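You will see two complexes here that share subunit A, one where it goes with subunit B and one where it goes with subunit C.
Moving on, here comes the complex of A and B:
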């Protein structure tokens, strides 16, 4: 149980800057998800917290203690790796015990913790098997077990689900969430999968180019993206971004000063008229039915492409003319020069 | 390829059998020779079936040796060869494990240079550097000693290279997991890297044992005391007797015994 504080954290590799001044406070028991595209510095940040990367400048506090100079083992953290990193020559039990043995934990205590973790994760029958005899999902559980037995101040997850197939990934995601709720251990979780990020996080940290774009709860980030990057990164299909000129007459829209871009979520654009909505003429280019809803790719008469997500399977053939209706409240105003929201 | 052509099957087997016969026949002849008495092989008609003198020949070689050829009893040479081969194999494995570990897992200045210097010694086997090596060993007073016999053969680029390639395939995450688990560099080496290298070490031990066993030139140079003779160089002495017919039946008994451990 502990808080994590990152203060003005930097990481430079020669002339390239992987992490450029991160400030973040993680409350006790909170699950923070770091999300962003490849190369945004999220993994580097996590590895700095773990002590696997050195810190160029800044402070890392775990449980109020500055750990910048501490070895990974002295930081009271446990890490779950992308490829599980189980010791292949040891049994599952050996894998769980190894860290405890190195710390000189008494035998009885080791057995108690291993049995407890095995029970929580339902890996009891596999304790005497080697990792190669386990399936991907089972290995993932063992990797989590290795973190649990340590009873650390914080869990660090480095894209732990990216090697699993889609079905198992959903299942393990739910389990990680339940487990974290149950153990109430402070956690940092890195992923590039925004769905994983949205469903797991107490708070999201959206990163890009070594900087934090926005910190907030998943709903805050989805409902009020702070920057153009966040707007385009979070949400599937992504938010439609249009120059204000594409809306035609903007007088009734009450856009804040400085706005030259607007974002509209694909499910906030409608094909039937709404009171007070702006109407935009367009041509249908492609209809993608994906089950319960469909993605409709349109080209506005102003030349911009947009995607609508519409319920059911509308009978629109490609090439027909349609009209799109947008309510003013659904618009997210941005300034494309600063990249930031203008109504913040 | 699954084919059913009886003549082809017959033909391929025939080729293989002929090949095996060509390879095995000299060995068989050596064994037959070692079971006959001294004169039988010089009579012109070479016998092809085992003779009655096997026990006599082998016990004479093993426990008495041929004093006229300056050869000690064979068991001493066999023991020397075994000891030297084991020292060389173990020494090479320890040194190359440690150097590969340093090169792969530690960042230090001139790391790549260190690796290439080790690698370049692959082009300098004992035979190439034999005179300076001999001078060094002689100046250190290591002639006629086990240390002198083994030390120059131990530094091994091949094994270092092999372990380096294997260590490079060990995922970084494994080392990081060990670090988080509180294992320092030596603990990681002992608890994780060594067990993972087990099969490599075993395979390398076999190869290096044979390498040590078949050494001829180096033992010939640094030993003048018959207590340190190895079996491979000893055979040469047996065959080269002065002013007498070589006692082929005894030489062959020694050859057969020398062949046993590596095969």
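Moving on, here comes the complex of A and C:
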């Protein structure tokens, strides 16, 4: 159990700046997900917390203790790697015990914890196998087990599910969430899968180019993206971003001063008239049915492309003229020069 | 892995293509080996007029000869020492280089050079360095009060050939160890660091076990090298002396056959050496088949 505090954290590799001043406070027992495009510095940040990467400047506190100069072993954290990093020459049991033995934990205590972890993760029957005799999902469980037997102050996960197939990924995601709720261990979780990010996180940290774009609960981030980047990064299909001019007459919309871009979620654009809604004429270009809903690609008469997500499978053929209705409340106003929200 | 098979339209062609290699092998390896086996069962009179077939007498005499048994044990000491010394030093160097490899290739290149030096040159090099009258090391050792003279002292002569032979083999081992270390995923040592293992513990519990295929392979190769490939080094430094102190099996084959002109005994010795090589090679092949298993 511990809090984690990152204060103005920087990491430079020569002239390239991987992390450029991050401030973050993680509450005790909280699960924070770091999400962002490839190369934005998520792994670097996590590895600095783990002590596997030196810090260029700034402070890292785990449980109130400054650990910037501490060895990884002294930080009381456990890490789950993307490739699992199981010791191939040891049995599953050996893998689980290794960290405890190194710390001189008494034999009885080691056995108790290993058996408990094996039970929680349902890897009991595999304890005497070598990692190469396990499936990807089982290896993932062992990697989790190695982290939980240590009973550390914090878990660090670096894209732990990205090597699994889609179905197993969903299943393991749910298990990680349950496990974390049960153990109440402070966790930092890195992913670039936004669905994983939205479902797991107590709070999301959206990163871009070594900087934090927004910190907030998944709903906050989804409902009120703080920047254009977050607006386009979170949500699938992504939010439609249009210049204000594409809306035609903006008199009744009450857009804040400085607004020159607006964002609209694909499910907030409608094909039926709504009271008070702005009507935009458009042409249908493509209809993608994806089960319960469909993605409709339209070209507005102003020349901009947008995507609508509409329930069911509307019978619209390509080339048909349609009208899109947008309620003023659904608009997210941005200033494209600063990239920030204007109604903050 | 997919192997591509070529189908020759002409049945004879593949054999013709293999012929040069087969001919070389037959003329320079198989035939002399058979000759050696034949001579090992014969005795030649001092003038070379008559050879008699004497069955295993050459062999029984050999094992009754204290000189030969002595040479066997010296060879064992020599081979084990060379193997351990060259492997430990090269592993140490490989670990050091592995830490900086991405930034410094020159270092690696320099460490590989000794392998390209001819054995006799290696021998002469170390002969000079350890030469009691003109060498730099004996000069320094005299300063420390150690009397160094490998021409008189058998143990010192042995140390000299062990160092010379190890030095040459270090670069070969080094290359394999670097490659082996490079293939140990960095995330494993990182996981171990988080798991509370210090640098030495990480090395001995994670890296070394994962290097074991490489280590075993090098073990066999080095024993082979020390036992059979060190003739040039010994000839150039000590010539088997003083008083048989560095007369290893391979050197003794040469000394008895070409200097002592006892062809029968020399042939019997080389047959025994051949059997040892075959045994070592068999162990190596059996192992390589299973090398992926940790």
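Throughout what follows, the second predicted complex is superposed on the first by the 344 of 344 C-alpha atoms of A that agree within 3 Å, B and C clash if a C-alpha of one lies under 4 Å from a C-alpha of the other, contacts with A are read in each partner's own complex, and residues count from 1 in each chain.
Here, a contact is a pair of C-beta atoms (placed from the backbone, for glycine too) under 8 Å apart; a residue touches a chain by one contact, two chains touch by 3 or more.
Just so it is clear, the structure is predicted and the values come from calculations on it, not from any experiment.
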Three-chain arrangement built on subunit A, subunit B and subunit C clash or fit: clash
Contacts of A:130 with subunit B and subunit C, given as first, second, both or neither: second
Partner chain in contact with A:77 - subunit B first, subunit C second, else both or neither: both
Subunit B versus subunit C as contact partner of A:322, first or second or both or neither: neither
First, second, both or neither for A:183, with subunit B first and subunit C second: neither
Which superposed partner A:89 touches (first subunit B, second subunit C, both, neither): both
Intersection of the subunit A residues that touch subunit B with those that touch subunit C: 50-52, 71-73, 77-79, 81, 83, 85, 87-89, 98-99, 102-103, 146
Subunit C contact footprint on subunit A (complex, rising order): 50-52, 71-73, 77-79, 81, 83, 85, 87-89, 98-99, 102-103, 130, 146, 150
Residues of subunit A touching subunit B in the complex: 50-52, 71-73, 77-79, 81-83, 85-89, 98-99, 102-103, 146
Contacting residues of subunit B [partner subunit A, same complex]: 171, 173-174, 176-183, 187, 191-192, 195-196, 198
Residues of subunit C that touch subunit A when the two form their complex: 185, 187-188, 190-198, 201, 205-206, 209-210, 212, 294
